[in-house]
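Letters A, B, C and D mark the chains in the order given here, with residues in each chain numbered from 1 onward.
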Amino acid sequence: MATVSIAQVRGAVERVARALSAHKDRLTELDQAMGDGDLGITAGKMAAALSAYAADEPPDDAGAYVAQAGMALNRAASSSLGTLLATALMRAGKEVRGQPELAPDDLARMLRAADTGIQERGKAKPGDKTIIDVVHPAAAAFEAALAEGAELEAAAARMLAAALRGRDEVTPLRSRIGRAGWVGERTMGLVDPGCEAGIIILRAIADLPEETA
Amino acid sequence: MRKLLNDPNDYVTEMLDGLLKAHPDQLASAEDVHAIVRADAPVQGKVALATGGGSGHLPVFLGYVGSGMLDGCAVGDVFQSPSAEQMLAVTRRIHGGKGVLYVYGNYGGDVMNFDMAAEMADLEDIRVETVLVKDDVASAPPAEADRRRGVAGMVYAFKLAGAKADQGADLDEVAAIARKTLAHTRTIGVALSPCTVPQAGKPTFTIGESEMEIGMGIHGEPGMQREQLASADAVTERMVAALLEDLAPASGDTLTIMLNSLGATPHEELYIMYRKAYDLLEAQGLKLHRPYIGRFATSMEMAGASITLLRLDDELKSLLDAPAHTPFFVQR
Amino acid sequence: MRKLLNDPNDYVTEMLDGLLKAHPDQLASAEDVHAIVRADAPVQGKVALATGGGSGHLPVFLGYVGSGMLDGCAVGDVFQSPSAEQMLAVTRRIHGGKGVLYVYGNYGGDVMNFDMAAEMADLEDIRVETVLVKDDVASAPPAEADRRRGVAGMVYAFKLAGAKADQGADLDEVAAIARKTLAHTRTIGVALSPCTVPQAGKPTFTIGESEMEIGMGIHGEPGMQREQLASADAVTERMVAALLEDLAPASGDTLTIMLNSLGATPHEELYIMYRKAYDLLEAQGLKLHRPYIGRFATSMEMAGASITLLRLDDELKSLLDAPAHTPFFVQR
Amino acid sequence: MATVSIAQVRGAVERVARALSAHKDRLTELDQAMGDGDLGITAGKMAAALSAYAADEPPDDAGAYVAQAGMALNRAASSSLGTLLATALMRAGKEVRGQPELAPDDLARMLRAADTGIQERGKAKPGDKTIIDVVHPAAAAFEAALAEGAELEAAAARMLAAALRGRDEVTPLRSRIGRAGWVGERTMGLVDPGCEAGIIILRAIADLPEETA
């Protein structure tokens, strides 16, 4: 099966930067409804940091490249989600340290490491209605698809579908973590902004088009 | 946006530039201008106290860096956590050989970043203890007190732990004072207007001209409920009742009280509220010691106020009374 | 009206009630609660300093009653002059045998009432001298400087004359220091929003969301012109230029500067302005000593700021540096 | 010619209180345009103080009665105009101290004393566009009418007509005194709030109806 080159990773970083920037307002709106409304600003800072990062020539270590993207992210945007995403990138990069290119299995391990990293850093669990409810099922679906012999593109599509389902499944629930935890029952029925950010990022990484429905 | 600023992205950096130009004898920066420390840091042989958090709350956080209080502060963007790197820079620069105490508000971004910083400091053999401030009674019921936000009550933790550190206590003792202080500290706020985060350029929330939200947090986090603005006496009465229910002091206890403006609310109105709070507390047989009335933890130009109560024993009282001197807080 | 109050007619009386409950060790009332004096008044053998004016400007006026500054203050309703009777009550209570100096802002109502009070005090053989504060450069051109309003610069007069009185100087000497201080003091303000006088129940004036008025007075008196809100740097530059033109200091002079919020404008923005003012003044070869940055003379919840410059000589500098201690102003 | 009894003076105090209270909003409006907008509040305070004062039984000294009304006024309302009016009443009362009733000439002297008192206390002159530009011509016209043998009612009408002319003559001018002095040229064409207050008070004292034009 095809491998992913560092140039492709760099392309993904650029796509994530563009996607975050394009969806700033939507993230602000969601975060205003149940948080402090800064997620659009955070997304803008992350986008700027990532696009500046991608402007430089990458090293030939894909792992280091991803981990250092995480460090750049933390410097630029240290809100909850910024810090969790920074942690996710650092852990994912660490997982494949030294590798010049990434096989689909590497990508699966990276996604799993990101999921674990987010859970360890933030001390939240699946079902608490956070970005974990997108990343965790996405990692599982990607792994399962590969195990069933799916091609990279197909596995990516299943990953994104699982992520979307994860987001929608927790939408009716009450948020339990972070700022949204303080809002209590009023969060029921509202989309978690971190979930939405997770979707935006995963879709950009997988280079898939937006849902149309 | 009724604000005096240049490029919103430079708001915090320019503010810090002004701060260091104004108080070079008292404050300095560590590596990065977003890491503010005492000019005489590190104070050798003293436990160092660090805090950090978003900007927009002056004097919280960096306003309490100075003698008798904090040694350093990591400064985030408006209402944004600073990064773990900034916290580490502060930690390194203030460490005087007796360890570093982190005291800061219980907000997700701050907790994650301070935890990362503590892990990094540990690799450099700097011992770090952490005490989270969770004084806002409106942010979760008593059974979930661990989820509560940290608001104005943190100033008492800075003050008393700072005084303890000045006495030469070790890290565990200083941390213990911070914990004991906070165990006896409760705050509740009321907001009458939003404020505008420079980079967002619009108000953090909307609230009717004659509405209030009791229990709202210092970044506009939701409170207990939105309702018609009541009289100062009625508002004060509800706030004091909520605090007393949670703190449950006994008749004869001594409390210190903080009447804190969130920004726009003038001193005049704090004294109107203090008058009522005083009458209510005296009527319960409680004694008031050394009230703090002013702006101690703000949300830029938000209108509203918070009330904090801290139950004092002799030890806490003498630590409260110790002198302190920062650019924003002078006590003789 | 985004304000925490009860009956608007009780605003000042309740505020004073709270004040006296909060600071019984430092403040007392003379006859009427609207006449606030030092708890230890009269200080025998010291020239007594009195001021007075409308409420709504805390810490101005009564916030500077305390050791090293004022002995007493007549307190009017919000933005209203106190009566001659209240001024006389203050005068009687603070007189320590060496005469009384009145220092207050140049507003019609205040002048007429203080003049009446001085005439009455004279009948009681209390010698009174009067120094009017006229520091607002925007309120009249230099040729008509006598018509200028008194704003934040009065704090310097309180501070320096208070320090002089503490040295045992006589009435003429203390008055001379107040005059000399004010001769070298200039202020200019900028307003971004109005405030609401409780009894009026509506804003003192209207101003667009993105407008400012440079030179507006602390009760909303008209300034030089209404225009689009500019950047903090541009606003600061214009304000500093207006002050320098009027004060005309020489390169090498030492100035002290006050960056004062009118109420809602947060500390963060004052430091952004200070940064620019510092750069501008340093570039002119001027030295800055002991900046005051905060809320010293407010208009309740008005957004905006004022800048005051005071040119110091050695005498004024040492008086500025003397300690002072009031409930609102502590200097070590 | 008829004299004025203390009971009638008390009636005049009550009328002034009612008139000030009735015109609060108009005074606020005028003071907002060139001052600090508090004249309506001041008028309300003066009205309350005068009506409380008039509620008590008067002494049999008309001069003391008028002077003490001035002192009550100063305690209640010590703004510029409040203080000037307090001074006016104190001076007017002093002029007729000890008298149980007032002849038309006494009234003329009182008006003159009020005019002088206001000028001395406030250090303004006729033409500066203040209440003086109402009181000064009013006093002169009243005196002149009496000298020409007019009855009290006719003299009062001429006094009020002179006061109105005084107000209108200074309206085009630039204010030179007090808060309005800071507004400068923008005051040209605006009615001086103190002039208007003077008219309201003089009309109430004279018990004349409002202008209808």
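In the analysis below, contacts are C-beta pairs under 8 Å (C-beta built on N, C-alpha and C of every residue); 3 or more make two chains touch, one makes a residue touch a chain.
Only a predicted model underlies this, so the values are computations on that prediction, with no experimental measurement involved.
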(request) Could you give the separation in Å between the centres of chain B and chain D, each centre being the mean of its C-alpha atoms? (result) 55
(request) Using mean C-alpha positions as chain centres, tell me how far chain A is from chain D in Å, no decimals. (result) 77
(message) For chain C versus chain D, what separation do you get between their C-alpha means, in angstrom?
(response) 33
(request) Determine the centre-to-centre distance between chain B and chain C, using the mean Cα coordinates as centres, and give it in whole Å. (result) 29
(request) Find every residue in chain B that makes contact with two or more other chains and list them. (result) none
(request) Check each residue of chain D and list the ones that touch at least two other chains. (result) none
(message) Edges wherever two chains touch, nodes for the chains themselves; is that graph a line, a ring, a star, complete, or other here?
(response) line
(request) Can you identify all of the chain pairs that touch? (result) A-B, B-C, C-D
(request) Enumerate the contact residues on chain D facing chain C in the complex. (result) 28, 32, 36-38, 40-42, 74-75, 77-80, 82-84, 87, 121-122, 177-179, 181-184, 186
(message) Give the list of chain C residues in touch with chain D in this complex.
(response) 76, 79-85, 107-109, 112-113, 115-116, 139-140, 147, 149, 197, 199-200, 204-205, 217, 219-222
(request) Please name which positions on chain C make contact with chain B in the complex. (result) 1-6, 11-12, 14-19, 21-22, 55-56, 58-59, 63, 78, 190, 192-193, 209-210, 229, 231-233, 235, 263-276, 278, 291, 293-295, 298, 300-301, 303, 305, 325, 327-328, 330-332
